[in-house]
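These are the structures in question, set out in turn.
In what comes next, chain A is part of two complexes: it sits with chain B in the first one and with chain C in the second one.
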Partner chain A sequence: MKLKLTTLALGAVMAAGPVMADLVFPSLSYRTGPYAAGGIPFADGYADYFTLLNERDGGIGGVMTKLIECETGYNTEKGVECYESTKGEGALVYQPLSTGITYQLIPKVTADNIPLHTMGYGRTSAANGEVFSNVFNYPANYWNGASGVVNYLLESNGGDLKGKKIALVYHNSAYGKEPIRTLEELSAKHGFELLALPVDHPGQEQKSQWLQIRRERPDFVTMWGWGVMNQVAIQEAANIRFPMENFIGVWWSGAEHDVMSAGDAADGYKALTFHNVGRDFPVFHHIQKYVVDTGKAAGAGDQIGTVLYNRGMYAAMLAAEAAKTAQGIHGTADINAAMMRDGMEALEINEAKMADLGMPNFGPSFNVSCENHGGPGLVGVTQWDASSKTWSLISDFKPTDGDVIGALVAEDSGAYAAENKITPNCN
Partner chain B sequence: MFYREAGDFKTSYEQDSQTFPIKFDRFRYYAVLAIAFLVVPFVINDYWANAILLPFLIYAIAAIGLNILVGYAGQVSLGTGGFMAVGAYACYKFMTMMPEVSMFVHVLLAGGMTAIVCVVFGLPSLRIKGFYLAVATLAAQFFLVWLFNRVPWFYNYSASGQISAPERDVFGILITGPNAPAWATYMFSLIFLTLCALVARNLTRGTIGRSWMAIRDMDIAAEIIGVNPLKAKLTAFAVSGFFIGISGALFFSVYLGAVEVGEAFGITKSFLVLFMVIIGGLGSIFGSFAGAAFLVLLPVVLKVVGVDVLGWPTDIVAHFQLVIVGALIIVFLIVEPHGLAQLWRVAKEKLRLWPFPH
Partner chain C sequence: MPDQFLFATEVFINGLMAGVLYALVALGFVLIYKASGIFNYAQGVMALFAAMTLVGIMNGQVPFSHIINAVFGTEIHHFGWHVPAFLAIILTVGVMVGFAWLVQRLVMRHLVGQEPIILFMATIGLAYFLEGVSDLMWGSEIKKLDVGLPQGGSFWIEDMTAGLGSDNFYGFFIDNLDMVATVVAALLVVGLVLFSQYTKQGRAMRAVADDHQAALSVGISLNFIWVLVWSVAGFVALVAGIMWGTKSGVQFSLSLIALKALPVLMLGGFTSIPGAIVGGLIIGVGEKMFEFWIGPLVGGATENWFAYVLALLFLVFRPQGLFGEKIIERV
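The block that comes next holds the complex of A and B.
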């Protein structure tokens, strides 16, 4: 018995002893609840890319990565619990995939000096790195998205939107409300009329909103939806025979599961994106070889190559590249969260790097700097083809209205800085 | 053996009518207070504060508030989430309008504001009861959430409609904001919970509490013997609203720091607090504590056991959680409809006779 206890104790010590600490990447995922349809592919992509790095390259810079998954259910209280329970493990970067949780975490990560990467969601004005030192939202944010929709419509309407009516169907939460300010500014600038229609959580009930659309006959409908709300909206649009070509969702409203349920009626539906779609990239062969065939794929393994899987993988890629950059800056493979922050701020993504990683032309090239945590804000448009069940990129990544967005970012981040007594500073 | 009245002599009425007439109970109560106030603040860390203790303390205040309304006065309410939102938004407006005032005052004012709103929505209770009142309070829930979403003044015209707690202090110690130390937020909530529990306990033992219970048990009979139903029902709504408002204010400012009304104070919150009261025990202060502890701790325990110890996938554990919590609620309602408080009461009766049950 005594021997047993000693062995046990020894075993415990050996297990706990830090031979070489792993690089910890917490994944605040949601595989349950009304938003699980979007949460699962993202979490799978995020996890699989780190598994790939471990299996193929032996981690990042020789240090293995470790993914800690924590289920938030898209719920802020559980998100806080997840944050608190994982931050002690040496978490390098948080990506909660929820605007609500992001708002909770912004002050917390700043106090704890851990970076937060909210790729294409979260608080848009965090693009101003002088105020939001630990928050990053490259390569694109909601206001780029709003401007991207308007730019695309301008382009397809000969540069003139005067007298047109654009309806915004949005999730009635911080997430859905984000683009309104920008769209209002843009409607003043380009002379179109904006009709904002909120949909309450979780979004299964949208009859009245679509009835209103039928009555008001907007020329275009854009959507800030997530989870079950997307499917319902596309189905409702099909029910009122709204032309799908004139219906453009943000990047969170444009995945396979959103359009599948409406069947052929969803053909022609468009959605924004800030990265490429499909599985026609060398990296997927690697994932097949090192992750799927070895039985290490996350979740059910049936999401590979879907839009949100690609986005999760892209997020993981950007995190891994930032970690590499941090290792280079600080000259140590064993980085901590503060070093990771420096790495993210010095991140450079270019075509050669992406091609090296097996992801040629997967996303835009960009550099992050202390002043600009938001990246270039290049937005592309994808379209759904219901017969071949694929998304394809129909408009390449193009710049958005920097003047309007820059002014709004400066205004909103300035208000935040004043409220929280932050002196904007970059040194 | 330890737990009995024998030998514990009371020589005055005060002693006889104290909250814990049995010596063992009384010392246990002092010990709990001493540990909570003198030991926990020194050992607490961020995880324990933010993931376990703060939600427990804050939900316990909400459960006490709802218990007064549902358990003592018999007025069914499904508007708890909405009333907590009133507390949170009132607290936010006070915090931003009067930044120099102590956080204590903000929370108390938020409670007062909620009491007023709660009384207004309690007015229909004079005419309707039971299920119909539940529906009226349900309307309050939806109306209040809609209101805070719709009127930008409540969230100071912020672009996202979120409210975020700025840094505020009490005697120079930060209570809200990310830099507030864990012990300070814990102590702040604990002080409010202790005060609320003491007030609630003594109110329910006095005239007001007795009039509430009379109304609950049979309103016509109560009216005939001279209980004023207007006064009894509206005071119940006011006191309940005050407590729920305090919990809402703490929930927003101390615990979460940023909330979005639809997500944080939706109908699920009303049900959660109602489940706490039902599982804990209707008409019992201890039951409010037990119910809050049960529903806050159970998911955390299940997560730790499932994910960290057994290494199961997170989604399976999350689904199991729903199954287990649901099953436990049904089991409780069948086996012990009076809740955890009744189990405790029975245990105490047994202990009193132990070891000679006959």
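The block that comes next holds the complex of A and C.
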């Protein structure tokens, strides 16, 4: 009997022929805790795009994708646990959505030869691929953001910021401190005064900072916030009647939930972005048809078109395109993490490709290379309309100050290389 | 008057107002600790749960709708009505009383006579459970809370005081919401004092707080008193949730406001209602003035740690806090 069963099982396996493993994309998400309001739409967008590829296209290159979601609660220790528990599943790329987790994972992914994509967050100098072989932060990083703010203000002030005062309200953490050095350099270059105001976690109480802003009267305020800090800052700015059109947040301070609680008072508030906003793109019709209407959406389907859903979807698209590139380079659909890294390093995004994907004008065109894992750092600006409750892109995706940022990237990545005995190379 | 003096005065006044908001959170801790000796770790989450319930009721949201829809394949999210704020507050108080009853029946009743650390651990479990229930019940998105409280600086105060300094001085900024919170906190304290001094239940509560075995011997129901205390703490949590939720929207980080109450409790004492208020005011003023004078010299963000340093200093000289009952150990 046992022999018969064994023969039967073996026959079934042989009849099935070679079966390729799924392409595994872990999602280190946070659907619980104080930052869930930001984590949920991103995770939904990330998951729904891979579901769309499976349902509409039969996966990537004929291989189905598999999403493994692991809850981090935006907690660094849990994030590392998630990495350790999922990397053995054939994970192709990690996107931890947390600067704290990113810093912990950089040495781990390098040792394990798994790529890490930190889009718009993480360690900015990882843009230097000669040092950070497995870390990518295209299409834009925090220093691009800092420069993007200054460039936008230069443009709207006749190219001159001399004598102006810019206040930076920032989350008092590794994330919030990222733009300070860049802004200091830009302050010296353009002659504006920088006033840095840290806000302690979680940022529920910011009276001191906004009273200081009221006393110091900066011409502009920029913000590096996350979670409740964003909502409170926008409300406090409204309370002291700071002009909202002169208040610009980074892309993590510019979602719908950041402005909704301040109501009409938030009208005119601005935020940076590296992708488009709204749901008027063909890809969302496909997600509605193949994912939401078939009951396969990660969430309730009500987040489509929100800023962070779009960002999650965009992150998934970039991962999928890198996987396609890797399949092309290595001539196999069944890629592993090392091949995925090669695909990310050779990624090319152009408008024709974006239009084919149902995302015309959704994000900037860019190429990734070994020397540059950060892309071109093109940054746009969005503005909130409280009456229609919508964000609008009010500028093109424009270049940032490559001279200042390039020097800082070289300095910081050089220090990291020396500290970790890494010989920069692009072989 | 010199502008710097006026700015310092403005910071002082705002520190007092911030202190009142901290005291509102601390009051809930004091009530439960005083009556039962339990440090209720779940107090911050109770404020979150109360505020979420209030918004949910006001917006006509169907509780547990995600679960209901997933199980029955329906698409129900709202009842389609909006409940006026006042009625919603009353209904939320009812929910908090129900919660207090459940806590008593399912948790505390089984732990009578246990070590304080066991009771403390139970409230940690309660906090995580309640946070999860809040998520399942009302969802985790940020909700706008509008019960009609005014927000923004008071124009009248600004205009009245603008002439006190030079052109660089705009007049005092005082948030309307903070002024309302101050009035509400004052009413709350007066109400709690009157309740505990002049009502039968209040006196019974104090008797249990003094000696629960002696209170039991004269026929006071410990179960009833604990439900009563948790209900009052739930009401205080609702008030704190309304004030903080109006500022930032109702969201999960609301539970972290408990962190602001800890130094207040250390300073004011765990057993004194006036201590919570005075402690809140000292912490509020202390941290704001320190940030104003010393903050710029050390890079700012001094408020969180300064509050704890101040509380620790008090602990060194007066471990029971300013108004706490004196600790007497007999050997």
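Everything that follows uses one rule, which is that the second predicted complex is superposed on the first by the 408 of 427 C-alpha atoms of A that agree within 3 Å, B and C clash if a C-alpha of one lies under 4 Å from a C-alpha of the other, contacts with A are read in each partner's own complex, and residues count from 1 in each chain.
Assume contacts are C-beta pairs under 8 Å (C-beta built on N, C-alpha and C of every residue); 3 or more make two chains touch, one makes a residue touch a chain.
All of these numbers come straight from a predicted model, not from anything done at the bench.
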item: Joint occupancy of chain A by chain B and chain C, clash or fit; value: clash
item: Partner chain in contact with A:R31 - chain B first, chain C second, else both or neither; value: both
item: First, second, both or neither for A:D200, with chain B first and chain C second; value: both
item: Between chain B and chain C, more extensive residue contact with chain A; value: B
item: Contacts of A:N172 with chain B and chain C, given as first, second, both or neither; value: both
item: Chain B versus chain C as contact partner of A:V232, first or second or both or neither; value: second
item: First, second, both or neither for A:A346, with chain B first and chain C second; value: neither
item: First (chain B), second (chain C), both or neither touched by A:A333; value: neither
item: Which superposed partner A:M64 touches (first chain B, second chain C, both, neither); value: neither
item: Contacts of A:R241 with chain B and chain C, given as first, second, both or neither; value: second
item: First (chain B), second (chain C), both or neither touched by A:A300; value: second
item: Region of chain B that runs into chain C when the structures are aligned on their shared chain, from 44-52, 98-106 or 134-142; value: 134-142
item: On chain A, the residue positions that both chain B and chain C contact, one per complex; value: 31-32, 36, 40, 172, 198, 200
item: Footprint of chain B on chain A - complex, ascending; value: 29, 31-32, 36, 40, 69-71, 73, 75-78, 80-81, 84-85, 87-88, 99-100, 103-104, 106-108, 110-112, 123-125, 172-175, 177-178, 180-181, 198, 200-201, 299, 412, 415, 419-421
item: Contact footprint of chain A on chain C as seen in their complex; value: 7, 10-11, 14, 17-18, 21, 66, 131-132, 135, 140-146, 151-153, 170, 173, 175, 244, 247-249, 251-257, 260, 288, 291-292, 295, 299-301, 303-304
item: Chain B residues touching chain A - in the complex, by the definition given at the top; value: 46-47, 50-51, 55, 149, 158-162, 164, 166-167, 177-179, 255-260, 262-264, 266, 299-300, 303, 307, 313-315, 317-319, 322
item: Interfacial residue positions of chain A with respect to chain C in the complex; value: 31-37, 40, 172, 196-200, 202, 204-205, 207-209, 211, 214-215, 227-228, 231-232, 235, 238-241, 257, 260-261, 263, 265, 300
